[in-house]
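Note sheet for the following structure.
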């Protein structure tokens, strides 16, 4: 299994990278760089999330935005309407996401392939519509805003980007660790079995629905955390962003580009693509639609030419170095 | 002899077609039992029902005297029934070792223990040296052995083998024969074999069951079955190539 | 009150007929090529834009437009098959889905880039003409477009039943190995199927356009709607596309009368989920593809 090693020698490598990332904000002061880094970290979280269900288990979910959106809306709404502490709100949001992922998973995992993809898409659409319709609860299509109420970690409002940077970094490391642990465990192997041949997996004792739901739960938790970080950082969200196809698709794209079913694939995909996309957005903001075209083109090219993702290039390069 | 599997009155229809009609028989523990019949006789359907992939319209399946009718495949595997498929369902993009390891994970959550068990199974089928090869690069025989080793790693008491000899050369079939006999006698695993390669089945089985058009038309030793008039007619009449 | 009921029902049927034409191509693609054509609606979106621009520059009325759209999108379908889809046929299912999702994104971006997010409108020359039914009025556009859609649908159906290529296509949908064994040129079957399906959907989209709007993101909605219809009617079933289309048309008509437009979409989605769960075979479908 490629890209899964955290071998002794390499551990020092990662330590160095970690140290660099930790001191980076103090060395490089550009807020643009900090913003970019935060975006990268957030995307690592959601793409590792998709990796579990789409990469390892091979179930193409196009509805992960549901959990992202709930992770954003639930803490924010509880805070704005009932004064509930944002962090408590996050826990509640995660709990709701977990519960929903079991229900949605139980319903949708009976389906396969396109049917599953469309079903998850439909679920996300349903949530988007509900949040638009129920204006009384969710402020509808206008979205919600988190006001700045002075520096406070409880309120998750900060003037500088640094706290967001470190929080996002921490959670992104957590998400990578989660996928690493899964990949080494019975769950990870079972997910691969399901991806390769679900019928055969059943014949060797894999309770495929149960296993898929577990992966889905983990995926939901990570997405919810990302949603929470998103709204506390950006301070605004609406149903179109929260539950939109964009969030669901980018997770898939980044993972596939980098290498689905590997621990570092999504990280690679994110590191390559997100800065590129942001650059594009900043400099070509007037040329709308180019982002979509880029997403689509990249996805198509990767699938046709190198479906195993960029990481296979890296592995090939490493092997070449060794020889 | 103790029976390990009892199939009682199994019937199955697909739309208007009767795939199985009141099929009943037993498989004795520790035996090698064959299931033969012309194409379309319902053999794989029967396996799918025993294994849990299909529910019968009528009838019951008993394993070790417990009713397993309608249980899902993963539960039936846990109870002790393993299986290989006609289509050779291996995990193509994984290594030989990983394939079998996943099977071993049924009985232990510890990946290292599972790995040890997997290596044992690979030694039995002779694939130890190819354990790190990616399965899709292997020959037909090797891929079948991966599937067999994987099924073995789940510690089955009964193994359902669906046309495992299909597409093999004579030499390979002879080799397989020896292996299956060894698995049966040394590991004590009951084998229930669906085969078209009659040479294999008749040679190795203690008992043979014959299906034709969804009905059981004979049950007995290979000699008894081979000289059974109905069986001969069924094959000559309906055989579309073994 | 009865009059209103009948009016809504009629409106639903009229729209449903056009939906049937819209979605029948997808059922063909699924049945014959086994490709999850996520970008199906986006190509329809392009057809709608084509109509808009043709109308913009030449002021052509709707029906002459059809005579351009049909052959044009037949060609487009052929090209897309030859250049893109044929490379996809041997890839695993996962790859097919993801590729088509990519294509869909790309087309949306293309439309957004070329023509911006402004909504456009395709005009029917029958604009403003109404037929009085009972106590209400139905726009003539709905009626005429319905008839046109049915003509195309019927033509397609007859083509499938009577012509050699049509039969070859049906055979390939039923059992590809068997069809190959009888010497059918499967590549040609795929090419023609994809082309015809694209052309049909383009015509359907053209007939649908005057009652809707044209925008870069219409594609996803139409793909979802078409998928809903053919799942409802049964994957691979042409008759099913008709029934599915009519049902969805009627359900939408009633929901939009009694509820808001978002709730109408919600209702359709929930019905869709219901079908996927309880009867994935659809009403007239054959087996479910695993």
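Lettered A, B and C in written order, each chain numbered from 1.
Methods note: a contact is a pair of C-beta atoms (placed from the backbone, for glycine too) under 8 Å apart; a residue touches a chain by one contact, two chains touch by 3 or more.
Predicted model only: the values in this text are computed from it and were never measured.
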(request) Starting from the Cα centroid of chain A, hunt down the chain whose centroid lies farthest away. (result) B
(request) Would you mind checking which chain's mean C-alpha position lies nearest the centre of all protein C-alpha atoms? (result) A
(request) Just give me the whole-number Å value for how far the CA centre of chain A lies from that of chain C. (result) 33
(message) Roughly how far is chain B from chain C, centre to centre by C-alpha average, rounded to an integer in Å?
(response) 46
(request) Provide the residue numbers of chain C that touch chain A in the complex, in ascending order. (result) 36, 84, 87-88, 91, 93-95, 97-99, 101-114, 116-117, 216, 220, 224, 227, 231, 260, 262-263, 265-266, 269-270, 272-273, 276-277, 280, 289-290
(message) Touching residues of chain B toward chain A in the complex: what are they?
(response) 51-53, 72-75, 77-78, 82-83, 85, 89-94, 98, 101-103, 105-106, 109, 111, 114, 147, 150-151, 153-154
(request) State the interface residues of chain A toward chain C in the complex, per the touch definition above. (result) 58, 60, 62, 107, 110-115, 117-119, 121-123, 125-126, 129-130, 132-133, 245, 249, 252-253, 256, 287-300, 303-304, 307
(message) So in the complex, the part of chain A that touches chain B is made up of which residues?
(response) 1, 184-186, 189-190, 192-193, 196-197, 199-208
